[in-house]
Amino acid sequence: MSAAAPRVGFLGLGIMGAQMASRLVGTGQNVMVYNRSVAKAEPLRQLGAAVASTPAEVTSTCDLVFAMLADPKAAKAVAMDGPDSAVAGIAARPASAKPVTYVDCSTVDAATGEQVGNAITAAAPRTGFLAAPVSGGWRDARDGTLLFLCGGHQTAYEAAVPGLDAMGSRRWLLGSTPGDAARAKLMLQVMMGNIVGSLAEMMALSKAAGLDEAAILEVLGESAMANPLCKAKGELMRKNDYKPNFQVYLQQKDLRLALQLADDLGVPAPISAASNGQYIRARQMGFADKDFAAVRAAYEAEVMSEPETEDA
Amino acid sequence: MSAAAPRVGFLGLGIMGAQMASRLVGTGQNVMVYNRSVAKAEPLRQLGAAVASTPAEVTSTCDLVFAMLADPKAAKAVAMDGPDSAVAGIAARPASAKPVTYVDCSTVDAATGEQVGNAITAAAPRTGFLAAPVSGGWRDARDGTLLFLCGGHQTAYEAAVPGLDAMGSRRWLLGSTPGDAARAKLMLQVMMGNIVGSLAEMMALSKAAGLDEAAILEVLGESAMANPLCKAKGELMRKNDYKPNFQVYLQQKDLRLALQLADDLGVPAPISAASNGQYIRARQMGFADKDFAAVRAAYEAEVMSEPETEDA
Amino acid sequence: MSAAAPRVGFLGLGIMGAQMASRLVGTGQNVMVYNRSVAKAEPLRQLGAAVASTPAEVTSTCDLVFAMLADPKAAKAVAMDGPDSAVAGIAARPASAKPVTYVDCSTVDAATGEQVGNAITAAAPRTGFLAAPVSGGWRDARDGTLLFLCGGHQTAYEAAVPGLDAMGSRRWLLGSTPGDAARAKLMLQVMMGNIVGSLAEMMALSKAAGLDEAAILEVLGESAMANPLCKAKGELMRKNDYKPNFQVYLQQKDLRLALQLADDLGVPAPISAASNGQYIRARQMGFADKDFAAVRAAYEAEVMSEPETEDA
Amino acid sequence: MSAAAPRVGFLGLGIMGAQMASRLVGTGQNVMVYNRSVAKAEPLRQLGAAVASTPAEVTSTCDLVFAMLADPKAAKAVAMDGPDSAVAGIAARPASAKPVTYVDCSTVDAATGEQVGNAITAAAPRTGFLAAPVSGGWRDARDGTLLFLCGGHQTAYEAAVPGLDAMGSRRWLLGSTPGDAARAKLMLQVMMGNIVGSLAEMMALSKAAGLDEAAILEVLGESAMANPLCKAKGELMRKNDYKPNFQVYLQQKDLRLALQLADDLGVPAPISAASNGQYIRARQMGFADKDFAAVRAAYEAEVMSEPETEDA
């Protein structure tokens, strides 16, 4: 690969970001990475990536930049705050340079997405911005099987495609603004919250009715409703084992955002509202930091203690 | 097949029953069938089945008898009412005869299941009764891929196995009473109603938010929640096409029964209660006899007219 | 009062019935009473009432008969069961006798009301039946300030007026069938359950928000929403004092009946459904036999112990 | 009254404010008023009030200042924005002047209350701030029968008492921060929304059940639940007359704020959530700007047209 090859930048090397950046390197891209704590960049350096010391260094150098930050606050800080930020790096590029496309894969609310997008596109003429939150976990990131839910202009989407296809197996442009990506993600979270909430309700009824819960889950697994989520969460509910994967408080926060969206749009959302109430109750019973399958606990009169589990 | 071979009886040759009885004949059983309207028995006769003129004739002759009737009323009438009933046939058997096992595959409520079961087992000593409602449609019946949700004594279950395995691909003994089968079925119906209700809610939000609904369904289809039910019903909702497969009023009736069960058991069921409210609204808006995907209509302010569809 | 004066009958001398019958005697009516346990009739005898040994004795003698029984089972037993029943007494009257008007003040469900009404009116030609459940407690019964919610024919209503006006301060003919009275009562119970449920929700929020709950109740008491029920129940909630007046399980049963009615009528009832869920949770948490203000407990994560109170 | 008498200031002379300021003048206070549109100040001038041309003029002159603005935006603008604002006037006072007490009677959310309070108290040392939103309409303002729901320091509360007592009949210090007043008001709004929502639900059921709705309302009016709100709104529902008094969108906004508060506090609020859904549905059906009794319409399948009214 020649030194002149276009560089792809990557900001944020957490559990997900590190795997995603590795995919970019592994598929032959010329990659420059940045992470606040530089130690996490070392494995990428050994794979051949350049390591920058600020976000600005990445955006002043690379034409296509991906960001994968932990939360809205970090996404805003890296993109917009101060002379080391991505925005500063874009503004510092010579007028003759190719326009940057900045792709934010962090999961953020619609307002944050719009805010970051506006700051980035205002940094220099013709700068592109794409919101591209992912569906999938670190194994998907490692295997390049992430799903990208994109919102932004068609041009930015097309510029991002080579990187998206190196890191994921499917991608969709769901709307023309960054907020559309956040809202689309929220739609999936609503389904997830309601399905797992319903499963908890059904399991509580099955138990109270004296039915064989394991067999009920088997039957469900053979029906037209069969899906991996119910299979996994149903088992956790049976075992009363709520080691966190995706926490109650995060699932409930997404339901809350969806209910606010529904309210803004003037659409009643009674099922999500009822489901939200059960996640709030699970929080109230002390399960905020447990896996969201712990919504099952909201159907019991007393707070149950969790079984000891071996693996941490 | 010798004349002395044990006969398997089948009562009720509707859309489902005819296919199920055909499977029994096709797998080499010596079958005797009964249907109120005798014309529907003709295809079975041509396949080699004997045709009885009353339920009693079947139960006085066969050791293993399956029933597949349209509703609780028909299930009770065939089993219990009058001198032509299944009970009468069982009572008429000589004391030396092998005890009968009666397997009711009809979908009935728990109370009806218990009532029929009690009448059958009281008809003669050692008579067995198994409630075995099915999950699956007529194609599954034709292909022998039905799922049987059984409730009753282990002995009756074991006696029924050869017939169950000729007609279905999976079977579970979910509890020790006929009511347990009905309650287990209800658990699946609760999940079905709540998942499709949630899907309707999410689709209504997506539409109001200006998102690409077809793409949202694709994303859902790639997620850990992917399941054939959402795929099928999501398409119907997008097309506003509610040609009945399983009707709104039937789905709502099942939610109502589940809520009464929850009430009896002292378990709150807020998600099912909210979902039930939306199906009632769909009824109120004139969709009682449409497919239950029409719960989508409950999220619109005005009653929408349905598109013309070609197949009636 | 001459011996020939028309006799008014009264069946059932519980806490309410004893007071009601006393009112009839006190306003100068010529009264004959019946109670299963004869000891309870003694105070009425001392006031001047005749004491019968069977319901039939009352209905064969009196032209206007009131019944106030504990529950649907008792209401049916006294009215319809066996040779001592009210029906038997009516049937035994000579054809020339004045037709009887039977007024059932017991609180029963609509189905029981219709059943008792049919049996009574079938007992003899021109027999009148009025369902007239009451609103009010034993103090109202003592003071003649009960409210009568009536359902039945205009003729029966008019025949009952002298008795109703001796025992109560207001009366309404709400519909033309016995079931209408039960349904009207249910409407009030729905309001009661929902208002007290809302009060509990608001008090839980106030407490969690650190507001002065006593002051909030004062403000409510000065607003356009001020009502004696909220004043009384709000105090009980603040004191966490749930000595039973009207129990959780009874209030929840009424919400359940109302939800079944709503379902039958095809009207969504989401607020009552949500409220019902909270009463079920209160049952689940062990408050079934406490005052229905204990729905407040459904908003806490842990089951609270009740304070010691002096009077049991 | 001498020229040296302490002046009471009043900012905002809308429908409510004009009446409130008149009460202050009428009870002998030495009053200075301000209104953005000066024409509205004319009646007050004729009553004897001084008229200021900016909020700053009022706060630099008066020791006790009341504000009654239309919404959070106006409340903030008058208090905080620019050199004419109340804050600027306070800052301009000589260090030797008596500290100002600023009482904001506007209905604002908790966040706005805290923001305005912080700005005011930061304007000069020892400045007092009291949030004092009112319960009551313009007739109460005219008659001095408003209720004040106060939040702030005890000192500010006591300084405000002479003015509060001139304008209202009751006052409560509900908590120590401006946000507490907003939250207390929200508690009343939750009750109002839920009670009227329940009333609508009950009226819809009564109608569907064929009961006499007018009589049902009469019975309710004789029960322990009787309150002026139900009486008024029940009549409007019966007449299908929704000329706006307090609009659907305002009531729904308050429920939304209450649900967000509940979410923040970790308290489930299923009844309010269900009720909120019905107000959203009323908005969806086109009733956003009608009186909130129009939540009744959410229980009908079709949007009803409103009757012509003569408006009083």
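For reference, chains read A, B, C and D in written order, and residue numbers begin at 1 within each chain.
Please note the rule applied: a contact is a pair of C-beta atoms (placed from the backbone, for glycine too) under 8 Å apart; a residue touches a chain by one contact, two chains touch by 3 or more.
The structure presented is a predicted model; accordingly, all values stated were derived computationally and were not measured.
Comparing the contact residues of chain B and chain D by number shows a mostly shared set, over half of all numbers used being common to the two copies. Two chain pairs are in question, A-D and A-C; the one with more C-beta pairs in contact is A-D. Between chain A and chain D the centroid-to-centroid distance comes to 42 Å (mean Cα coordinates, whole Å). As a whole-number value, the distance joining the C-alpha centres of chain A and chain C reads 57 Å.
Annotation for chain A: residues touching 2 or more other chains are 262, 266-270, 273-274, 277-278, 281, 284. Chain contact summary for the complex, chain B toward chain C: residues 252, 256, 259-260, 262-263, 266-270, 273-274, 276-278, 280-281, 283-284, 288.
Across the complex, chain A is touched by residues 135, 147, 149, 170, 172-175, 180, 183-184, 187-188, 190-192, 194-195, 197-199, 201-202, 204-206, 208-212, 215-216, 218-220, 222-229, 232, 258, 261-262, 265-275, 277-278, 299 of chain B. Within the complex formed with chain A, the chain C residues making contact are 270, 274, 281, 284-286, 301-303.
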